[in-house]
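You will see chain A twice below: alongside chain B first, and alongside chain C after that.
Showing the complex of A and B:
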């Protein structure tokens, strides 16, 4: 009960206020009394520019989710197959990204990805794999590289949980019936780990879709996504109305996508019931 | 029933939250909060303004908060609208945000009786402040370039358009003073003016592909990473990069670098009127202005009694003739249209 009260006061009320800020006129930091209007929402929703920015924001979240899955699943699988000592090492490695602040880690990525002197370009040039330094910083690729590394734990941990819960005798049964390793993996291990994959994906998508620090630092001034626009509207321009509308729409779209995702997941997971 | 209880509880708490005059912790501990720059540019504030002030007034503390994007404005605005004391007491602002804050009613008028050092300040600078704040320093927007990558030193703003630098030019978003100043100067250098920025949009489009940093600090990082080799930059940022040993040089390009005055102002709702004015006086003192104009900061002095040191000649105009060549921007025309300009910038370049 105290937890509910806490959530109501510090989460629900501010969110409602945020939503409401998009429905009234705010001039010079003050509400204009009785100025209820849908104009601010209409302006943003009717603007193809914002539509494009929302699409880019979606691809950023989606791309990070897919990459986290590709890189995370093997790590999670490996984790369940090794001994205790190796597990401890792996766990530290998996959690390492969470031990430093996202801003610090992102600055690290700037040094690795940035410019011809950057570590990545230096290595590629030295190996003769590229002739000209690649332009990665301030592109979608740069943002996705940084994002994937930072969100990986949120994908790996739920998958580990799902893999750990599997009954090993099922794998043995499959092998005993003549299934190869690959057959067992794709027909037994992967389907049984779907709940972990799906919850990990939902987590990574929502965090990436609404991420501010990484696109701001690795995407730069020409990589506009909704979170960076919200920051600019409220901080640099003090346009509370537009900021509130964009923030509400960002949250609203995230919730809608989560609901759709949940519904699709429920279908995929019907067999678990 | 249960839901009803929660709704009532929620409304009650909201009423308390709105009605409660939140007393500020710092108000009781004698702490002044002053916005400052990030990185080494903050040092003049710390060493030559805050420390002497704290020594003279035991018990008073000044907390410097780095903020280059004006993030504090939204917080001050929220506090003032709610009738609470401002979370910030003093802030330096370039001309564009200075005018914007006057318009928003977030600055306190300067009580000139409490700032005797004002008598030594260039009258033209004081007038730009419109009665608010004090003109603390000025900086130039010119061209910074990497001396190892740029063989022919730029002399004119037009040199940015040299095809040799395609893809290596760095600009800053128009949401920063740097980006906005460059935009207006580009308009003026191409036949437009503050009221007609169209020539600037055309000219900047021809610079493509270029790199856009969200703020001047990020632009400086791009210089450091050699992601860019040339671009418009603050004289002070260029000086800091050069002092770190990077091969960065600053030029005041033809037909003139852009001078932007930075005003230190008392923020509306401060509880330290008297002390804040002492800091305004301190920032105009010969001691502060001399140190801030020296290596490696090179902030232009507004106090007529402070000579520009020879080592600063690259970053600050030293002669009257050079001062006359500086470009200024008629900010009162530009500032009211700032949100629209940033919107256009995003639509053109952040798609």
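Showing the complex of A and C:
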């Protein structure tokens, strides 16, 4: 198949190169033959600075995942409880942002959070809730707010799929046995939807963890996460070795997280059977 | 909660236990309120930024202030007169059209053996073809940059197209396969037994049934290429900047009201593709795609 050949040349080879470039010396855009070394890994791994940035990137992904879950689950649940017409409206509301350019959506948050004259500060000042403008844009809070909204559909859609797959007669059985609606929700609906929650969380975590646009724009120049550092290393500083090591580590840790989510999911499936 | 009378009462109350009804226990009402509040915030947050972008694009002043100091189309005039924005929009358009054409040529034929035939490693091949949908765009972009540099290629228009095909072609394969899987082979057998050639069968029987999947896939692939940021970030040269990259640099250190006008058009484009996709496949099927869009 030509498609497979195409992806071998333009996907598999580049990815292998990316890993390889962390393990050889590169000078003036040329590989130095026979220069296999672990020195670049040692340099990055031994630097407490990069360690801190990795931790910050992890927390950014983790925070966005938790927030997406808190706000996404109710939307997914609402979706399963409303009629066909309302579902169509909800789907448009969920899908339209997903299809909108990431830079555009981030721009929307820049208008809301931005500066003393931004919408949020204007409203808060007028209501007398704050004395002076809050600084949210170009902070971790700003990044998390924008990130959560932008990744929300990735959390909502798998949870909807999990909730839709549930056998409604189980809910009726719980109610028939005297459970209140809240009890049914926490003891039947939520536990049965956990596989969807896990796949949504895995998706949101990995996308947030490797996201570039949102932290670069909402975090500003001083907010560094691994993806923005990789860009800086490669584009501005032309440090291909460090860039390759960081990208490989980013990818490697993301894969480890995905495997952990998968394992949790498999455990859960065995457990619910 | 344990007495039988209460259980019976529970059954009879079952209907009234939908959230928000007056007779529900306090716990139910609390949960309904909490879920409703969170869902409300989430839904407003999903739409509000885009609505605000559109409103702000009609702002008359130099800075984006709220409430706007007056209304005008000046930022649309500024946008139309901005050489950089115009050139980059045209570039993105050209790239996206070429990308879709190559996607179709590569992706549609690949869908047939993947859905119609059973061969060893079919699952693995499918996973491989769909893998760009799961991989971070950043990593793919850097890998491609390294590859081009090692081969001694200078970043150029064709390479940008080649790079975008990597991340959009899986869409065409996945959509065409999904459509192909539900196609009844009896129609094709009937066509063949009535004396149609393979080409006639494909043109008159397979294609008419397949085209909604292909067209929707093409629409999404177009949007994915037109909006692509992370792959372009590494594979576009400084002289050939696609629209999302130009917007990014306009916003890098400041809020630029010019971006509002461009963004409004981008939002219209996204809604258009959503409309086309849902017309061709139904909204529910579009959801399946959305889940893959990273």
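Just so it is clear, the second predicted complex is superposed on the first by the 263 of 273 C-alpha atoms of A that agree within 3 Å, B and C clash if a C-alpha of one lies under 4 Å from a C-alpha of the other, contacts with A are read in each partner's own complex, and residues count from 1 in each chain.
As a convention for this text, a contact is a pair of C-beta atoms (placed from the backbone, for glycine too) under 8 Å apart; a residue touches a chain by one contact, two chains touch by 3 or more.
Remember, it's a predicted structure, so these values are computed and weren't measured experimentally.
Partners chain B and chain C clash in the overlay (superposition on chain A). In the superposition on chain A, A:229 contacts chain B only, with no contact to chain C. Once the two complexes are laid over each other on the shared chain, residue contacts for A:138 go to chain B alone; chain C is not touched. In the superposed pair of complexes, A:93 makes contact with chain C only, with no contact to chain B. In the superposition on chain A, A:110 makes contact with both chain B and chain C. By the document's definition of touching, of the two partners only chain B reaches A:52; chain C does not. Judged by the touch definition given at the top, the superposed model places A:28 against chain B, while chain C stays out of reach. Touch counts on chain A: comparing chain C and chain B, the chain ahead is C.
Contact with chain B, but none with chain C, is seen for A:239 once the two complexes are overlaid on the shared chain. Once the two complexes are laid over each other on the shared chain, residue contacts for A:77 go to chain C alone; chain B is not touched.
In the three-chain model built by superposing on chain A, chain C overlaps with chain B at stretch 78-86, while the rest of 78-86, 114-122, 168-176 or 186-194 show no clash.
When the two complexes are laid over each other on chain A, chain A has residues 4, 12-13, 29, 31, 110-111, 114-115, 117-118, 216-217, 220-221, 234-235, 240 in contact with both chain B and chain C.
Within the complex formed with chain B, the chain A residues making contact are 4-5, 8-9, 12-13, 28-31, 49, 52, 110-111, 114-118, 135, 137-138, 216-217, 220-224, 228-229, 232, 234-240. Against chain A, the residues of chain C that register as touching in their complex are 1, 6-7, 10-11, 14, 17-19, 24-25, 27-28, 30-32, 34-36, 38-39, 41-43, 45-50, 52-53, 56, 63-66, 106-107, 109-110, 113, 125, 128-129, 131-132, 135-140, 142-147, 149-150, 162-163, 165-166, 169, 173, 223, 227, 229-230, 233-234, 244, 247-248, 251-253, 255, 259-260, 263, 266-267, 270-271, 273-274, 283-284, 286-287, 290-291, 293-294. Of all residues in chain B, only 6, 9-10, 13-14, 17, 69-71, 73-74, 77-78, 80-81, 100, 103-105, 167, 171-173, 175-176, 211-214, 218, 221-222, 225-227, 338-339, 342, 346-347, 349-351 touch chain A in the complex they form.
Those residues of chain A that touch chain C in the shared complex are 1-4, 6-7, 10-15, 17-18, 21, 29, 31, 70-75, 77-78, 81, 88, 90-112, 114-115, 117-119, 122-123, 148-149, 152-154, 157-158, 160-161, 172, 175-183, 185, 203, 206-207, 210, 212-213, 216-217, 220-221, 227, 230-231, 234-235, 240, 243-244, 247, 250-251, 254.
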